[in-house]
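Dropping the structures in below, format is structure tokens.
You will see two complexes here that share chain A, one where it goes with chain B and one where it goes with chain C.
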Partner chain A sequence: MCSDPSSLEGFQWLLCYLTTAKHMQFYGSFGIVMLLLVVTVPFIMVFGFLGALARRSGFAPFRWFGLGYTSMVRGVPDIAFFLFVPIALDQFVEFSRHKIKCSDSTEPIYQGNDFVVCAAAKMPLGSAPQFFHEAWGFTLAVVAFAIVFGAFAANTIHGALMAVPKGQLETARAYGMNDRQTFWRVHMPQMWVYALPGLSNLWQILIKATPLLFLLGIEEIVYWARELGGAKTGFFTYPHPDWRMWYFMALLFFYVFLTWASQKAFIWLEIKLARGMTSRTTGVRA
Partner chain B sequence: MKKLIIAAAVSALAAGAAFADTVRLGTEGAYPPYNFVNDAGEIDGFERELGDAICASAGLECTWVKNDWDSIIPNLVSGNYDAIIAGMSITDERDEVIDFTSEYFPADPSGYMAMAGSSVDVSSAVIAAQVNTIQAAHVASSGATLVEFATPDETIAAVKNGEADAVLADRGYLDKFVAESGGELIFVGDGIIIGGGVGMGVRESDSELKGKLNDAIAALKADGTVNKLIEKWFEGMTGPY
Partner chain C sequence: MPDGNKDTGNPVIQLRDIHKAYGDIEVIKGVDLTAHRGDVVVLIGSSGSGKSTLLRCINLLETSQAGEITIHGEDVSWKNKAGGRVTSDPDQVRRFRTELSMVFQQFNLWAHLTILENVIEAPVTVLGKNRDEVEESGRALLSKVGIADQADKYPSQLSGGQQQRAAIARALCMEPQAMLFDEPTSALDPETEAEVVQVIQTLAAEGRTMVLVTHDMKMARDVASHVIFLHQGKIEEEGPPSEVFGNTKSERLKQFLSSTH
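Coming up: the complex of A and B.
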């Protein structure tokens, strides 16, 4: 049916248009956004916990590191970090690989403007299929997201650990629990209730920050919306005027739906976690 | 993710052994008829066909990479791909940062495109141009007010919605918009030659690749392939080589 688009009209034309291979890539890119969210969150939580624990550490250098990490990332614009981390990490990896794999090379790595490593040190190799280049770019993006959002999470978790009433911990001690037992059995489970509002907020911000992938050259939904929406001349099988507004509107609905659904999920989780705690301390309606 | 990375590394090594001579070609994919992404989601256009012909002639295994125009030179320099083939005019300014092959497309006259019925004085009007292009540099030095956009498509949209009085771009790119607008869009004034011819960009340290590409371009000019492709993609133009 779609073999001769120029003969089609109205609804049929639109149907064929919306099912081109290019549009399939657009629909697939929604999966990239979801994949980023799913893959990044565990890393963010790990960075967050390590950051928070470092700030509470009895060992001063850890404490300084924790404080340095959270304040530095919080004090620098996200975009600067997102541009810096992938380039720096990519060059660091290629630089190290060059030193290991091509240790006999005498060519300098920085030649004027060029950053030149030997062919075997390229990450991924120049001959690798495009998929691996994209997977590598995606990995760099995940690291950048994890570092930045991990710092916010560290702050939230640190604050939540402080917010658990001292009396709870003292009672645990009175029952004869040691430090470790107090932390895992009393402190941590109660911490979640205080951390959740902050973490849910962070999740919403993370959803809205995913278009930054576009900035890193990853073809996610904003990229495709702009590409597909732009006016198309007769060089294309489906010429059309500037339709960017409609494409961006579709994205708008996608993001609103995603944040709305997560809000619902977080409210449910907050109620569940606050069970058995007084509403006076948690502020959650149970 | 870790598994994925390991898998990526392993098969990258395996693939590396099979094709040692893979050249990654970077293009914008948003500048028809030079290069664009067609409805099948593939890179298409004059430069797609020419690039494939060059690689075949030079005996190179080539893959295509899309990259935004404004970062296309930095990403070549940092090694994300090995050559730029994106309608890039050879200029002294760019030549300081990267190297160019010999031209495969002659200096294309640039034209001002505006809405029909508007009176535009190109020396003082608001002119849209794509960022980092020879046209943007020309507008900036002409006394007109320059508004820059990241993509060529946005420069056209700016004229249509009145944000700019006219757009300055290659005639080869604008021709189709004028022809299909049904008289709504017109050229203002004559075409002006701003830059030199169009060539492929390579890293300055990569003279071996530059040599191979130059030989292939020379061979394709000699056997008429370049002329044929120019005539196919650029309506009403005769191949000059």
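Coming up: the complex of A and C.
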């Protein structure tokens, strides 16, 4: 049916237009955004907990590291980090592979302004299928997001751990709990109530930051919206004027829906977690 | 017997010449205290005299700098540390704490757990007891303190008096050798206060070993087997309630008692 678009009219034309291979890639890029969110969140939480626990550690170097990590990310613009982390990580990996795999190479890695490693050290290999190149790019993006957002999460979690009333923890000790039991049985369960508003906020910011993938060379939805929406001349199979507005409007709805739905989910979670932990517990929660 | 079966003839709690300072300020200046099985030792004294601090030194929530603490004949073991001492055996500390259940002025029920969960938490997690069995005795204890119907509520849904009774049930569920009360009725309004006083009287009558800090002189008179009047970190006067209240010797205690009436 779609073999000769120039003969199509109205709705049929639109249907064929919206199912081109490029459009399929466009729809797929929504999946990429969701995948990034799903994959990054566990890492963000892990980085967040490690950062927060490092800041509370009794071992001074850990404490300095935790403080350094959280304040560094806070003080540097996100964009700078998103550009820095993947490049740094990429070069670090290729540099290491070069040293291992091409130890006999006499060529210097830094040639003037260029960073050159032997072919075997390329990550992924030049011969690797396209999929690996995309997966590697995506991995670097996940790491960049996890580092940056992990630092924010660490701040939130650290604050939440501090917000749990001392009396609750002291009572755990008074009943013979050791540090581990106190942490897992009382501190952690109570911490969530204080962490959730901050984490919910962070999640919204994370959603809104996903177009930064574009900066990392990943063809995500903003890229495709611009690409597909731009005016197409008669040379194209489906010529059309500048439709970017419509494409961006679709993005707008996507993001609004996503943030709205997750807000709902967080409110539900907050109510569930706050069971019993409301302000009426006089003194205990002062 | 409610106090368990550990009868060695030794006092349950014995403090000798305890000193405690915060920084340069000494707040406990050499206090002795002995609680034999079934004793109810009541600590009275004006605000800031060191009652809470002394109580917290007993279960090692606070570290005293000098003096001996002996629980059932076993000395707390200490090691020296820059400028003072710390306990040297964490297992011993935790074991002693499970034997000395504390009831706090502000109840301190765990806010994320229901009343029943609060009661069974430490026996299950710390003592490693069977959950179902503890739950059964937990419910029985909640009936005993008169709040069986509140078992599945959260602390914030209860009145102060109900919360404090739940906290007492939590302490009892540890089957402790002794109970430590820090002004258990001070955060309560007069009506609910009576409920808690009644529970404490029942416990005293059962022969439980207790150390009780209170501002309630009537309760002190009713339940005490031994009264200690603390003044600025020292024992100013002590003895059986009939002597301390009926035949007061120290001027300070006379003043204190007249000011509390």
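Operating definition for what follows: the second predicted complex is superposed on the first by the 278 of 286 C-alpha atoms of A that agree within 3 Å, B and C clash if a C-alpha of one lies under 4 Å from a C-alpha of the other, contacts with A are read in each partner's own complex, and residues count from 1 in each chain.
Throughout what follows, a residue touches a chain if its C-beta (ideal position, glycine included) is under 8 Å from a C-beta of that chain, and two chains touch if they have at least 3 such contacts.
Keep in mind the model is a prediction, meaning the values are calculated, not measured.
Peer 1: Once the shared chain is lined up, is A:A21 touching chain B (first), chain C (second), both, or neither of them?
Peer 2: A:A21 contacts chain B only, not chain C.
Peer 1: So, does A:V76 touch the first partner chain B, the second partner chain C, both, or neither?
Peer 2: After superposing on A, A:V76 lies clear of both chain B and chain C.
Peer 1: Look at A:T237 in the shared chain and tell me whether it touches chain B only, chain C only, both, or neither; answer first, second, both or neither.
Peer 2: After superposition on chain A, A:T237 lies in contact with chain B alone.
Peer 1: Between chain C and chain B, which one touches more residues of chain A when both complexes sit on the common chain A?
Peer 2: B
Peer 1: Output check: A:F132 vs chain B and chain C. Expected answer is one of first, second, both, neither. What do you get?
Peer 2: First partner only, chain B.
Peer 1: Could you look at A:M162 and tell me whether it touches chain B, chain C, both or neither (first, second, both, neither)?
Peer 2: Touch partners of A:M162: none, neither chain B nor chain C.
Peer 1: Contacts for A:A250 in the overlay, against chain B (first) and chain C (second): which applies, first, second, both or neither?
Peer 2: The answer is neither, since A:A250 touches no partner chain.
Peer 1: Shared contact residues on chain A for chain B and chain C?
Peer 2: none
Peer 1: Per the contact definition, I'd like the list of chain C residues that touch chain A in the complex.
Peer 2: Within the complex, chain C touches chain A at residues 59, 61, 90, 94-95, 97-98, 101-102, 104-114, 121-122, 125-127, 153-157, 160, 170, 174, 187.
Peer 1: For chain A, which residues count as touching chain B in their complex?
Peer 2: 20-22, 24-25, 39, 87, 90-91, 94, 111-117, 119-120, 122, 124-130, 132-133, 135-136, 139, 142, 217, 219, 226-227, 230-231, 233-239, 242, 244
Peer 1: Which of the residues in chain B come into contact with chain A in the complex?
Peer 2: Touch residues, chain B against chain A: 1, 4-5, 8-9, 11-13, 15-16, 18-20, 22-24, 30, 32-33, 36-42, 44-45, 61, 63, 65-68, 71, 75, 77-80, 82, 97-98, 151, 153-154, 156-157, 160, 176-177, 180, 203-205.
Peer 1: Any idea which chain A residues touch chain C in the complex?
Peer 2: Residues 167-168, 170-178, 181, 185-186, 189-190, 193, 275-285 of chain A touch chain C in their complex.
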